[in-house]
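Read through the structures below before going on.
You will see chain A twice below: alongside chain B first, and alongside chain C after that.
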Partner chain A sequence: MSYEVAVVGVGQTKFEYQSKKTTQELVFEAAKKALDDAGMTLEEIDTVVYGSAPDGFDGINMKGEHVIDAAGALGKPFERVFVGGATGALAPITGYYHVASGLSRATLVICQEKMSPCKPKPQGLFNTIFDEFTDRPMGINLIYIFALEMNRYMTVNKIKLETLAKVSVKNKKNAMDNPYAQLPMEITVEDVLNAPVMAYPVTKYHISPSSDGAAAAVFVNKNIAKYKEKPVWIAGVGWCLDSTYWTNRDLAYPKYVEYAARQAYNMAGIKNPQKEIQVAEPYDPFSYKELQHAEGLLLANRGEGWKLIEEGIAYRDGKLPLSPSGGLLGVGNPIAAAGMMKFNEIVLQLRGDAGKRQVKNNPKVGVVQAWGGLMQFTGVLVLKA
Partner chain B sequence: MAEFHGVKSRWEIKYEWSGGIAISRFMQGLKEGKILGVKCPHCKRVLVPPRIFCERCFIELTEWVELSPRGKINTFSIAYIDTNALPISTPQINAVIDLDDARGIIGIFHIIGEAKPEEIYVGMPVEAVFRPAEERTGSILDIKYFRPLKEGKPNE
Partner chain C sequence: MHERIAIIGAAMSPLRATYPELSYKELMFATVSKALLDAGIGKDDVDSLVTCSDDLWEGRSIGDEFVPDQIGGALKPNNRINADGVYGVFQAFMQIRAKVATIVTVVAHSKSSDLITKNRILNYALDPVIERPLAQHPYFIPALEATRYMYETGITPADLARVVIKNRQAALKNPYAAYGAKLTPETVQNSPTISSPLTELDAAYYADGVAVVILAPESVAKNLKTKPVYVLGIGWDSESAHLGARNWGRADYAYKAGIRVYEMAGIKNPAQELDFAEIDDRFSYKELMHAEALRLVPEGQGKKVLTGETMPINPSGGYLGLGYAPNAAGLTRVVEAVFQLRGEAGSRQVKNATKGLVFGWYGPPSASGGAVILGNE
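And then the complex of A and B:
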């Protein structure tokens, strides 16, 4: 048997480049805010889960041990989740399992990243996640790879750059209402298209920034949730990986995202995601990724992700708002914390507590996805009010 | 609040990796001017980069084959930044090249040479250009680049 699991508190720090706060200070701030939001104290927490991606960013090896004091993990079972950008989904999924198993009554999940200490730019570190023989000597980084994937996605599905630019415009505008956002701005499609090209077809505005920040949430069982005002329930979880041999993958369609989504939907009893999901936070480190991931999440037909933006469906007042938080493009991308921020946004949207960001369709069912690893690892959670 | 203090430092760590069974042979092949792969007797794919297993059929692979150095551009990008995302003066054309002999989605990442960025398209036939034998070291860089194949014939 498994126990029902609810989220009863969320919190996050501001996302910014070159935060002056330390890793521990960011972790503590997010953790304390989540506990306060839940109206709980550390004594009520049985286990702590911490998510963070490559140690190389902040240059602290075995970073999990480094944060236990700030994470409130002293004297408790503590677990680190370490799967790149997918950490932001796999950490909450791990938190879910701790409570669902019955071994923990309440679990605190904290995701944090500090990328800016890495010089000259954090992007260079991504070279070290690849194969020493076939990839690294080619000077590869993630912008190179995503530019290749973006071009393949556009070519196969005959999508115009203008359409993808609209995703950036939408998310950066959504971020204007997010007090924690790093890159809120009102820009035009032309601004995106005419921005400096990093690696064609990726311009500066098609990509999320490097960021520092943290986000956290409190997971509890039903006995605790019944005393809380607006619990949000974890209805389904799923995750899946594709091959690490990235040149042997289908770069146009993320089948593994579909597999993960189907797991989560089956568990949640969702039969028709396009009709039943009312708000979504698909992972958007690049503009095209929001639409490609929406296809993998079965929120659009395969190859038709572009319709979500061109037909106005993805806006906050649309039928299925995507990234109402502002997403990674607008709020920022502190790797592990980015997905956790998106998770927290769905919690706030389902509670009706998203303030100026609140979507208009009074959502009761939402989905969040985070993605990363070696660009082939994804996790999906379905949440219900 | 008091001023924030900072400190600069670096990790001075050196590594030496073994290429193992499959990649060592792949690199030896490149040194000899050949692209080698392993064939799965079950799914019939020829895997590049080679490994000692088929991840789908989950069996050990031992049949080595030499592939044609020709393929088609699966996707490309024109990079104006280097590994550290710092600007570069001459743009670099990156590509995934689907190798003609590989069967299935089996590509190789490399750069495109002897071509202007505006000439490149998805589906373009290309071929590997190896460095002169005396310059090869058993590295992926023994392939200098891939270049467009003119009218389907080997370039002179």
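And then the complex of A and C:
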């Protein structure tokens, strides 16, 4: 048998560039807020899962060992999950199986990133994620390869830049209602198109910023959840890693996202995601990613992700709101913490606690996704009120 | 009652100072293939994969990107933990119990011979402001720990030398070991000091290697030809890595991991109930310290490991004899324990072994480690 798992507390820090808080302070703040939200103390926590991406950002090896105190993990089973950008989903998935296996009654999951210590720009570090012989010498970084992928996605599906710009406009506007957001703004499609080009077709507003921040949640089993108000249940989890050889892959459609989504939907008993999912936080480090991931999550037919934005479905008052938090484009992208922020947003939306960000369709089922690696890794969680 | 979980396949590459003829990818492919063959299953039977690695040891960021193809993991669930390889077994165990996967492959690898700046990498694990400037050599932390431990227990440098001699001698019987040797106390104690009181031979040498285990529930294991080895308990713990906040004379993390693993495995008196132990000996003193913390010997009597009054401890030769493959280390010992419990350990076989303990430590400067108890009944 496996145990049912509920989320009973969430918390996060402000996402910002060059935060004055240390890595440990960010971890502590998010963890404390999540515990307070759950009405629990550290004594009730059995295990701690920490998610954080490249050690190179902090310039610290074995980064997890440095936050054990701040994470409240002293004298407890503790582990660090790190799978690139998908860490924000794999850390909660790992937290899920800690509790679902019965090994832990209550698990604290904390994701944190401090990108700004990496000089001159964090993006430079991303050169070191590439193959040292074939890719790195080209001076390649993430923006280049996503420009390639964005181009391919637009070409295959005949999508205009204006459509993708609307995603940026929506998410940055959604972030206006998020007190933790780094880049909330009201801009127009023209602003996005006319912004400085970073690597064509990616302009400055098509991409999420570098950020510092942390987000955390408390996972418990049914015996504890029954004493808590508004527990949100983890109904399904799925994750998938595709081949290292991204150059040999279909860049227009993320098959690995579909595999992860199908695993999570099967577990959650969801037959028709387009009908049953009421709110979603697909990973949106780039504007096109939100739509491409929505297709992978089977929230739109293949090649028809653009309809979600053009037909108004993805807005907060739409049928299937996407990134009501403001997403990575609006709230910020502290790698591991970004996915966790999205996870927390779905929890708040399902509880009806999202305040000004609350979507209008009274959702009971939501999905969250995070993504990373060489365009190859995705984790998906289905949550139910 | 939970269904029991078994290791259905295991393999490791012989540990060697260097594998110049194979890349880490080739070494992983070969070892995973061997483990699948050992289990009698194909790669498509595997539901989920777990790896343990660290970016700085890998020499690339997000190192897990580079593993799926050679381990049969492409387009499958993969998870990566930054820890000693023994933590991979915990993930597989929990995933199977949580019913998110049925058959899980755990892989940990090291190509440490590729690295020419190992000590700098270890120094990068220290606090950049307060601790890193102190570090002439990263082994100053184990050296301080050894000093305190020896002060508290009366263990002498000659005793530490005996640990080294014992383990490297045992490794002569192990075809997987890189550093089997017959040493004299003088050779060990007179070898160059790295950080007093530790000499060059008190620290395990690095090695290249890959270790793989495949786990499945008992119902699956029963239908396979390979003799299952059951995971009877898992337990791990983390204490502060900071110099000002740690317990220097005692391995608290091993003690607490021990409490958890013994409780799960239903073991009251580990010294009596276990038949052998494969515990971390990255440094000579660590074997004694860990043996105490894990209650294989009475408190303060680590020396008993050397007098033959205990169960066989590190019959494989330990890291001192096998070689230390960062991240893969603990998993190499799990594979060793599987060989012992299947009766496949050749001339190093422990007679009538039914239950064994494996303990892996994340290495300096951490105070984190995990334990597994395996059994064949």
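By definition in this document, the second predicted complex is superposed on the first by the 385 of 385 C-alpha atoms of A that agree within 3 Å, B and C clash if a C-alpha of one lies under 4 Å from a C-alpha of the other, contacts with A are read in each partner's own complex, and residues count from 1 in each chain.
One rule holds in what follows: a residue touches a chain if its C-beta (ideal position, glycine included) is under 8 Å from a C-beta of that chain, and two chains touch if they have at least 3 such contacts.
If you're wondering where the values come from, they're calculated on a predicted model, not measured in any experiment.
Once chain A of one complex is fitted onto chain A of the other, the partner contacts of A:G372 are limited to chain C, with no touch recorded for chain B. By the document's definition of touching, of the two partners only chain B reaches A:G124; chain C does not. Touch criterion met: A:Y245 reaches chain B and chain C at once. Within the superposed three-chain model, A:L148 lies in touch with chain B and out of touch with chain C [touch as defined at top].
When the two structures are aligned on the shared chain, A:R316 is found in touch with neither chain B nor chain C.
In the superposition on chain A, contact of A:H206 is made with neither chain B nor chain C. Once the two complexes are laid over each other on the shared chain, residue contacts for A:K33 go to neither chain B nor chain C.
Contacts of A:H293 after superposition on the shared chain: neither chain B nor chain C is touched. If you count the residues of chain A touched by chain B and by chain C, you find the higher number for C. Once the two complexes are overlaid on the shared chain, A:K255 sits against chain C while remaining clear of chain B. Across the superposed pair, chain B and chain C both touch chain A at residues 59, 131-132, 243, 245. Contact residues on chain A toward chain B in their complex (touch as defined above): 20, 59, 120-121, 123-124, 127, 131-135, 137-141, 143-144, 147-152, 155, 196-202, 243, 245-251.
Across the interface of their complex, chain C is touched by residues 1-3, 53-56, 59-66, 68-69, 73-84, 90, 93-94, 96-98, 100-103, 125-126, 128-132, 237-245, 255-256, 259-260, 263, 267, 372-374, 376-377 of chain A. For chain C in complex with chain A, the touching residues are 2, 54-56, 59-62, 64-69, 73-83, 87, 90-91, 93-95, 97-100, 121-122, 124-125, 127-128, 234-242, 245, 252, 256, 260, 362, 365-368, 370. On the side of chain B, the complex with chain A involves touching residues 4, 9, 11, 15, 17, 19, 23, 26-27, 47, 49, 51, 55, 74-86, 94-96, 104-111, 117, 122, 139-141.
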